[in-house]
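Across the two complexes that follow, subunit A remains constant while its partner is subunit B and subsequently subunit C.
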Partner chain A sequence: MPGVLAKKLALTKERLYGLIGLAIVLALVPVFLGFNFYYVLLATNVMLAASLVAAWNIIGGYAGQLDLAASAYMALGAVVTGHLLASYGLTPWIGMFLGAGLAVTVAVLVGYPTFRFGIKEVWYALLTSALVVILMRIYYLIYGSFETYIPHMEPEWLYLSFRRYEVYYYLLAAMVVIIIWINLKIKSSKLGYYLAAIREDELAAEALGIDVRRYKLYALMIYAALAGIIGGIYITLTGILSYRLFDPWLGIVTAVMGIVGGLGSIEGAVLAAVILRSLEEYLRGAIGATYPGSHLLVYGLILIIVGVLKPEGLASLIRYVKNKLFYRKREEVK
Partner chain B sequence: MSLLTEAQTKTTAIIIAAIVIIAIIAGAAYYLSQKPAQTVTVTKTQTVTQTTSPTATTSPTKTVTPPKIKEIKIGLIEPLTGAHAVFGQEAKQAAELIIDIINNELGGIKNLGGAKLKLVVADAGETPEQAKLAAEKLVAEEHPPIILGAYISRMTAAVAEVTEREKIILVMDGLVDSLTEQGWKYVFRAAPKASAHGKSAVDFVLDMAKKKGLEIKKAAVIHEDSIFGTYVAQGAITELMKNGIKYMAEAYPYDISDATPIVSKLMDYNPDIVISVPYFHDGVLIAKTIKEMGFHPMFIAGAGACGYTDPESIKAAGEAVEWYTNTYSYNPARPTEWNKKVVEMFKERYGKLPTEAAGIIFYSLMVVKEALEKAAELHPEDPLNPDNLREAFLALDLTDDNSIAAQLYPTGHIKFAPNGDNIYAGTAVLQVINGEPHVVWPDPEPGIEPVFPRPDWPGAQG
Partner chain C sequence: MAREVLVLDKINAGYGEFHVLFDVSLKVHEGEIVALVGPNGAGKTTTLRTIMGMTTLYSGKVLLNGKDVTKIPTHKRIELGITMVPEGRRIFKTLTVYENLLAGALTKKAQQRFQENLELVFNFFPKLRERRNQIAGTLSGGEAQMLAIARALMSDPDILLLDEPSLGLAPKIVIQVFDIVKKLREEADKTILLVEQHVKHSLEVADRAYVLEQGKIVLEGEAKQLLTDERLRKAYLIL
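For the complex of A and B:
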């Protein structure tokens, strides 16, 4: 049975067990946290960061494009879902897919000419970073500086309007599992190999006959759609719509987490997001109020230490641990 | 393995969904089975009401004895880090000072047998998510019956969602109007809301014009287009319309680099008075441009407490902001006994004058004290119950004679409407006179007369 399932999911057995294990662990987290409001909300925020970084890994890790617009696609999903919910009472279950649709549309509109004219590396980063600000201004022109607060609505399941945070946590945890699966699936597919070739050497990949533009655009579209859906869930959690959703800083932080995790390693990316986001919040809560700003200093120092000691990111650490376990097993068999 | 064999993707998606759904159901089942026990885990982070109320309900035969309350936790959620840290830090300093005054000089809450207040602080950070986390953390660890915060409107809204669910009184120091329009039940705001700033600016100008026998027919409102600036401008416009004055309104982004187009529009319209809602740098720019282009209206009044009359603006704009005014949620020069005393103590302890962020906390915390006294009077059996506290807040009618809170308030009168806003909200007006900011309205500093109209207005010389 697991063999059939693994085949159907296009995964190796080992990866399937890993995913199922992860799903079980994530499902049990709120239980271990005692359904405490604060800890579950914190875990929800961590899942939010993890799912966004996992989505970013497709464009940043596999395709090797330093994309800083994660918050733009996420905010597009959020504002479409949020405004349709607040103004027309449209359920977020539909709204988040419409939002994802808009995110994909924008991704194509931006990505097609960008890849057509061969904008890459630093220039691609600058362009995507500017995209966040441009979308923010467009939103500002339409809605101004006003903030829309989404009220509590009944029935809760239809409007995703809960007073507790468990449902949001499980939704985002499910997103993490699904996005990791999509990542693994891409990695072992034709698209994945093409993207890896593009990441390593774009010119060589093109010379080999890979349609570089098309596959980069595919990666961008998948990433934008996932970020849009995450945004849709996110807005039902916070319920505050304003132009500040288009946050350039969040786009950068997402990329930083992905890079610290190790480019192209989905385990590393998710692990980095979980560790860094929890650490950031813990430091802010523990010392941020007593010594203002000190949490940022510590956070920055940790980033530097990781950068110096493990430039390949957490992925190399995971690989190291894996190899250790694997080899030990072999020795025991002997 | 190809990526997009459709039938394959479909089945795989269904299987993954099944796994996740099973996990969710498992979690939800556990959570539902835990629900009744939930209250126990919450009460573990004991507040006095929660631990005492069971004893009150389980012994109905006895006459209810007032619970002994020794300490009441007061929560403060302010942006202590990030872009708005300056305000949050000052608010925290102000809160610490007032708590010390209440506990030591005033002997705690008298009607509760001298119960002391204990300040518990959380950092609201920079975003609504961070503010919400801070609120949940404070609630989980301390569960104070009353929380103050969180200065920035969207962060205050995030905190309010938590306090409403937990039935905790939130005394807001965020000024944006919409915060009291959400139908929230446990929120109060003593401070004048944004539109009250705009209204005060117009009221001040009309009051002065009446005193000097001048007539105002046309007015112009220019404002930076943030949510705060827009609400301030709306307040001004509403007041102008009420008084039958013709007006034009113009919004601009706060980070403009050239004010010439705005000032040209003003000169074309040629209003008697200008109501301006600046942020900071834009105010400097507008004042300088008005001076350079030689625009001389009867009066230029600022609104919204940012720019023009603060020391930084005066330094940056120099003579250009002479005779400009601005509205403030707090009047540090108000000549009441307690206001003088609090300002003096603040200066002594922190080496600076209290600004708006501190001022709002001064009177908001004193209002909290009055509400606690009132709650103890109205409901001695359970003064910290949220509904009893709400009733006490609504029953307050504070004036200079009966409270310290009102002595610290610009209008000297605090009474809450059911939506949580102060019915007698108002601001103080500061004016730059000889390069120094002075309070000129409604209670001028001793020896200071407001300059009105502007001496460079052609009508003033004739």
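For the complex of A and C:
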């Protein structure tokens, strides 16, 4: 079968061109924004959300585990990178990988027993949500409520310490493209295939000979590592280390964006992140100042509307547009 | 007597603290169709899951082709030539028929013999050949059951565990399912352990049978003899 599977799952040319196209568009965004300080910062935040959701897609979309701990793994990457940089002057280029290493370690420590005892669905969601809070308290016990500021350091490239946002934007945009590429690679690999079976029906997958625990754990580890690296970049952007990095709300929002995008669809997930994050910022700017908090209300309403009108998520919309554009028959495989 | 393919030796098993099976022993010989019948909640599915290693085993042994597999994890047992068709079909609904079959062929042996097995499965179930690119969720109940069996066959097992293959199917389709069970032995040389609630049909296709009640084997013997067993006839309303 190797031939059969390989042919079936090869990364299509179409997708590769799509990825290159996306990279070019993302590269041009700051130009269109006229290198405006505020807009580029917004775009950077959108890229942050998009990369995080793209990473979440591996555990949430492909493996079908409702993981709410994206912010925990991101924050682990951030605090490791940040503290090593602030206290020891270690370049974040190394720090972010150490941070990712810690994130993976925590993921394994939590994931192994979780999957071993078959915790899934809402219970998995609760558990991961609790993980964010637990890690936040642990950080609080060690560092207290103090915020640690990372000073500006030279040379800029070594310490990722820039005075403008463009570089951060490009770093995170590159992460988006890389993580989408990883997603596509996984989807077209044996791992992606196993994960699809696990997401569809865990018991059936197990009865067919898939080592369910192992592959779920692999998905969790990849996701945690990516979130950790994103965190490492993020901390060089904000420069503020605080227990507030462990943000349960961000973990939930990440999953929400992934779900609105359409589970298992990387295009949908990234699109949802871009739209929802931009929308949230827009609403905050438009009405948040006049009626504090109202932007979240509208944001929630929009989520409900999307959920009612398009329960399959934005992915179905993308598929529809694609089919209209290329006059193609119904895609054979989703 | 033919070789013993599957042996359960005094199995005590359950889920966590919840004890379901009490000293269950059974044997399946090569080329046999063995039926495991009994009322709801007797532990039939638990028995199959124990064979696959998906329950908590307190004591006893599971032997596959003479090899003690008690400590071997589920996914490795498949490589030893056993596959279960789970209750309620549990096909991968968003994947196509063909992809479901691909998912069945995970072991090395199954991958090497992929084309042969695919041919075999398509000859068995011509409907599936027609619908190979159809999304599995759109299949009818009967077709979905065929796909579930076909998917299990793709792993090229010696022994096939069928868990309630007739569950929720129209009476006409139920008869087809039992025909397929017979054909699996005759044309594909499979050994079969069949769990069913259709006691009469099962005993008609099976060589031997075990009756499970409240986690214990209460009756065993030749299927034909059991069919005439007065107690059984009364309990299961075989008229």
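The rule is simple: the second predicted complex is superposed on the first by the 317 of 334 C-alpha atoms of A that agree within 3 Å, B and C clash if a C-alpha of one lies under 4 Å from a C-alpha of the other, contacts with A are read in each partner's own complex, and residues count from 1 in each chain.
As a working rule, a contact is a pair of C-beta atoms (placed from the backbone, for glycine too) under 8 Å apart; a residue touches a chain by one contact, two chains touch by 3 or more.
Keep in mind it's a predicted model, so treat the numbers as computed, not measured.
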By the touch definition at the top of the document, which applies to A:Ala227: first (subunit B), second (subunit C), both, or neither?
neither
When both partners are placed on the shared chain, which of subunit B and subunit C touches more of subunit A
B
Between subunit B (first) and subunit C (second), which, if any, makes contact with A:Ile240: first, second, both or neither?
first
With both complexes superposed on chain A, which partner does A:Leu208 reach: first (subunit B), second (subunit C), both or neither?
second
After superposition on the shared chain, which partner residues are touched by A:Tyr149: those of subunit B (first), subunit C (second), both, or neither?
first
In the overlay, answer first, second, both or neither for which of subunit B and subunit C A:Ala196 touches.
second
Using the touch definition from the top, say if A:Ile180 reaches subunit B (first), subunit C (second), both or neither.
neither
What residues on subunit A does subunit C touch that subunit B touches too?
5, 8
Touching residues (chain side subunit C, partner subunit A) in the complex:
52, 54, 73-75, 77-79, 83-86, 90-96, 99, 102-107, 110-112, 114-115, 133, 135, 151-152, 155
Per the contact definition, I'd like the list of subunit B residues that touch subunit A in the complex.
1-3, 8, 11-12, 15-16, 19-20, 23-24, 26-28, 30-31, 34, 38, 41, 80-81, 85, 89, 121-123, 125, 127-130, 132-134, 136-137, 139-141, 153-154, 157-158, 161-162, 165, 176, 178, 182-183, 225-227, 229-230
So in the complex, which bits of subunit A are touching subunit B?
5, 8-10, 19-20, 23-24, 26-28, 30-31, 34-39, 41-42, 45, 144-147, 149, 151, 163-164, 166, 170, 173-174, 177-178, 181, 185-186, 188-191, 238-240, 242, 244, 247, 281, 284-285, 288-289, 292-293, 295-296
Going by the contact rule set out above, which residues of subunit A touch subunit C in the complex?
1-2, 4-5, 8, 193, 196-197, 200-201, 203-212, 332-334
